[in-house]
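The structure appears right after this line, and notes come after that.
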Amino acid sequence: MYELGIVKRNIIRADRAAVDRLAAFGVATVHEAMGRVGLLAPYMRPIYPGAQVSGTAVTVLLQPGDNWMLHVAAEQIQPGDIVVAACTADNTDGFFGDLLATSFRARGALGLVIDAGVRDVKVLTEMRFPVWSKAISAKGTVKATLGSVNIPLVCAGALVHAGDAIVADDDGVVVVPAAMVGKVADAAAAREANEGDKRAKLADGVLGLDMYKMREPLVKAGLRYVD
Amino acid sequence: MYELGIVKRNIIRADRAAVDRLAAFGVATVHEAMGRVGLLAPYMRPIYPGAQVSGTAVTVLLQPGDNWMLHVAAEQIQPGDIVVAACTADNTDGFFGDLLATSFRARGALGLVIDAGVRDVKVLTEMRFPVWSKAISAKGTVKATLGSVNIPLVCAGALVHAGDAIVADDDGVVVVPAAMVGKVADAAAAREANEGDKRAKLADGVLGLDMYKMREPLVKAGLRYVD
Amino acid sequence: MYELGIVKRNIIRADRAAVDRLAAFGVATVHEAMGRVGLLAPYMRPIYPGAQVSGTAVTVLLQPGDNWMLHVAAEQIQPGDIVVAACTADNTDGFFGDLLATSFRARGALGLVIDAGVRDVKVLTEMRFPVWSKAISAKGTVKATLGSVNIPLVCAGALVHAGDAIVADDDGVVVVPAAMVGKVADAAAAREANEGDKRAKLADGVLGLDMYKMREPLVKAGLRYVD
Amino acid sequence: MYELGIVKRNIIRADRAAVDRLAAFGVATVHEAMGRVGLLAPYMRPIYPGAQVSGTAVTVLLQPGDNWMLHVAAEQIQPGDIVVAACTADNTDGFFGDLLATSFRARGALGLVIDAGVRDVKVLTEMRFPVWSKAISAKGTVKATLGSVNIPLVCAGALVHAGDAIVADDDGVVVVPAAMVGKVADAAAAREANEGDKRAKLADGVLGLDMYKMREPLVKAGLRYVD
Amino acid sequence: MYELGIVKRNIIRADRAAVDRLAAFGVATVHEAMGRVGLLAPYMRPIYPGAQVSGTAVTVLLQPGDNWMLHVAAEQIQPGDIVVAACTADNTDGFFGDLLATSFRARGALGLVIDAGVRDVKVLTEMRFPVWSKAISAKGTVKATLGSVNIPLVCAGALVHAGDAIVADDDGVVVVPAAMVGKVADAAAAREANEGDKRAKLADGVLGLDMYKMREPLVKAGLRYVD
Amino acid sequence: MYELGIVKRNIIRADRAAVDRLAAFGVATVHEAMGRVGLLAPYMRPIYPGAQVSGTAVTVLLQPGDNWMLHVAAEQIQPGDIVVAACTADNTDGFFGDLLATSFRARGALGLVIDAGVRDVKVLTEMRFPVWSKAISAKGTVKATLGSVNIPLVCAGALVHAGDAIVADDDGVVVVPAAMVGKVADAAAAREANEGDKRAKLADGVLGLDMYKMREPLVKAGLRYVD
């Protein structure tokens, strides 16, 4: 259960080199490499297309309509982090805008993942500060009630620990537990290694039916071709 | 009701020349030309703006979380087809990505309409392979259970038969029964013929009230102007 | 309660100069300057990114599936107006397209805010005619039943009077009562005056915790730092 | 726009005798008698079936996650009132439970209409204190920020002034402006007067087609019977 | 695609005796007996719990906000029918109330399935006239535009032909093609035949793991028990 | 991240006596006693009103459209348990019906909390086997893919460990970490101790404004009474 009013300062971040490798694979490949787990809910959408990042999570638990803890979190950011924010209740207010983005970037943050709303999206887009959120809303917030920073939390249905690796792109967001990052990066690399070959064959008109040897299992499963 | 485990190979595609004419009219005009029917639900959205296509439907019935039948469907694609996929249960998984798009394109497909999720949208956008879907999700799928190919199915609330014409653009997706394509293309052309003239008048400040002779029916309906 | 079949011709528009000042501040700042009220629901989204406008409201009450009153409203538009349309029932049909946009623009309208659907979004985007709507749908409408023009109405949860100022951008839409526009513009200007300074400090790495003197109130509220 | 921090004490309540007549007609009939306007959005549902009430509105504007103003409103309740609560942002927290219901009832309130969440619904059901809400949630609220009481507000899409008549039943909620209550009650009574006769005829197998003389207009509209 | 303005009078209803057998099996069993197809979307909910019916479909295509065709459909009802209504656009208005229910019942209808809204639910509940709908709304409708009766249509995602069997209960609604009713009834009966025995075993504490012999396939699939 | 294919047999259940005390307090009080945390999302609704239970969690991670692991979980149930099921993807299929309920009850389960769909709700209601779910659907499931039992999981937005206490009633569902159950039960008891006194005062017409001494803080916050 969530403990409120806590800022955990010393967190163990996933291995930087391994985390950095993840961005290039993208969310779909990383999620496959983990065994099809770790995705945040698909309602988490980027505010502009094309961003693709990986980083280590600084987690923030917010109270509805209150962005105080994002300021507290700013101090905990280290270069290469991605801030991951959840809220104790369903809320679409605009917790984050261009001033906080300026501050987060100055601290080295690579982006924000927030299970709530965001605003100033035009400026954030011009700044190329990527945000994945469940809503865009101009609704302002207050600074009155404590949440927590760097506690484990549930963001858009996924459990995130401070220091876990986060990968985000146009397909969504995935979390990789800190201890698994190296292994997952290797699995993702292996997965991608023969993708170029597959793509070339498919582009030449080879069917997946043949390339993946699916014809026999399909017949076995009972598939019938009719005219 | 859906028959499962069937691939219908010989389908009667709508007249190619007539189908090709439809793309230029766009979805709104084609739907009007049909008498305001045939639209898929408005939650079907393009993964990038600006695509506008028409083609003949290859239909695919999928099982939730399982994209096996998309591989089976690939073999049935002919140049000028658009694949139309529905799922036996509500599902937002990412059934389709850049490898399948490469294969579909190699077979001549012009796009995909899927009442489920899609992934690799950044690459699909770079490839300019247009997809209309109800969700974007990195969630992978398995290849384990049979659906069917080229059976009549309900996609996003609309009944689609294999061979029907599909038109899709930023406004959504419309299906035109194969037998009606020529007639609908003519009606759409007639509808557009005087649009340029209307547009010019409206741009000059002529009111629709006058151009469409609405003033009298409005008074008849009881409209009152007050100060 | 809504009176149907009424067109109010003489409306008192908010002060033009003050309204014109609002666009540059954007929705988030204007909403803050008003005390965090006046926003339309966040489901109101622009059809393309980047538009940022302010204008005076011409209000239109529509019947579901019927866009007749938009034609009636066109005649009431004056340069600098933004049309604000609501519907007597929840409806996502495409009430507005490129022909009406041509007419509205010829009358001087700067945009449309509609708690329903819109179509021809590709052409509207090319025209740079901005629309904020709750849906995009090719579904056509009829012209059969009366609504009203320039009566007070509820649009996406906000009360709008004809002549009120409307500000809309990528963050959403806000309504400013006509009588408050000057005061709100001043408050927004004051709010922005020291934003540049704040942004510079944050960009230099100064923390909001220090800039806003939050450390003491946070301790008072019980915040604890742990290792 | 909403003014915050205000409690209006002297409100003009709709005529009690006329308001009392409305409950028996039910929401559908009252809404028809008004010309098909005045309904709150259909997501407003009763917490238990069968309640049917009418009363005069005490309005409450709440802040998200904060039920302070419900306590302020309690003092303004007079016998025969129904409390109508809206929130400045979308929120499903449980703002109201059995203790507040006990207090409201002691003041003479007949029910609550709240565009947010409610809790203790089992006890409220046992108490037969009717509530129409958009959510049921155990989530508690704080008492920290001011809203207002008895200002005009938008609740679930409808504009409500303090003193307006509210009618609520299993079909939803309708608001009748205070000045129109007598007239609406008369119109509703007239509407119901011949319903018994109609019902008897329909029960005897007379068709609406004949009773309402629809056959000719249907043919005129182009209806065709085929075998 | 939908043809508008048509009433098909001579429809072939599924075998009455077989249809009558279906009610007792319930929706879940019938849907399983068909191979897990034929369900309407789960947003279709009964207006009161406990009803369980089967009947033959009279189909009605409605226009949004217009219930004219329900009156037209009444004349086509025969004893044992269930009316199945869809709408050409997403709409939650209250198309059906107690007067129409009185008329439908007088004609022998056993219930209504409507992919839109319904009202007078308190009276309908007292009458025990079962309705499955996607919304409850007091919003009234007009009688102005033609739809069709007894054409094939898509209702809540399922294709329904006039004369098909409809089964509805607290779990939802399923459609059985007229030609399959006898076979499906037999399959459902076979399915239920050994349910009593299974239930008794499970009630005695026998595990499904053993009764269904799942232990081996689970191990094969890789299941590991850990302490 | 979720490990798949695991059944943890030895779990540490929260103290039985303390867990048993929680049911009587109800979800709202328990959630308050924990500091307003621990609630599952409010879309989790009971299939029938009036059930109020507490028990220890047996957790189940399901694959979409596949209820195999519910059979595996049955063997791990001990008297006093409540099964808590989540799914690796958003899914509304009917994973659970009366046969599994018979089996679960035979093992001593007190109920089911499932972030997916359930069926046979009429029989479950007659059996008085309480289920909290996000959907009701007749859609059947297969038994083909492994999930896990008794791993920590996220259910409807809340983190649940096997052995945690679960409390569920008409207001929703709350999870209490096993280690905190005694303390929470004490806090809930303290909270309720003076509720009777408060209720009596409120029933006598004492205002919360006076009972909670809110008048001064309201004035301090700026509340103004106007006529």
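Each chain gets a letter, A, B, C, D, E and F, in the order it is written, and its residues are counted from 1.
By definition in this document, contacts are C-beta pairs under 8 Å (C-beta built on N, C-alpha and C of every residue); 3 or more make two chains touch, one makes a residue touch a chain.
As the structure is a prediction and not an experimental result, all values here were calculated from the model.
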If a chain touches chain A and chain D alike, it appears here: C, F
Third chains touching both chain F and chain C: A, B, D, E
Same-residue or different-residue interface between chain B and chain E, half as cut-off: same
Chain pair showing more contacts of the two, A-F and A-B: A-B
Chain D and chain E, separation of their C-alpha mean positions in angstrom: 31
Chain centre separation (chain C, chain E; CA means) in Å: 43
Between chain E and chain A, distance of the C-alpha-averaged centres to the nearest whole Å: 41
Where chain A touches two or more other chains, by residue: 36, 42, 90, 92, 139, 145
Chain-to-chain touches, reported pairwise for every pair that qualifies: A-B, A-C, A-D, A-F, B-C, B-E, B-F, C-D, C-E, D-E, D-F, E-F
Chain B - residues contacting chain E, complex: 1-2, 4, 34-38, 41-42, 88, 90, 152, 154, 157-159, 175-177, 180
Footprint of chain D on chain E - complex, ascending: 5-10, 48, 68, 71-72, 74-75, 92, 94, 97-100, 102-103, 105-107, 117, 119-122, 125, 135-140, 143, 145-146
Chain E - residues contacting chain C, complex: 63-65, 89-93, 139, 142, 144-145
Chain B - residues contacting chain C, complex: 26-28, 31-32, 36, 39, 42, 45, 49-50, 52, 169-172, 174, 195, 198-199, 202-209, 212, 214, 218, 221-227
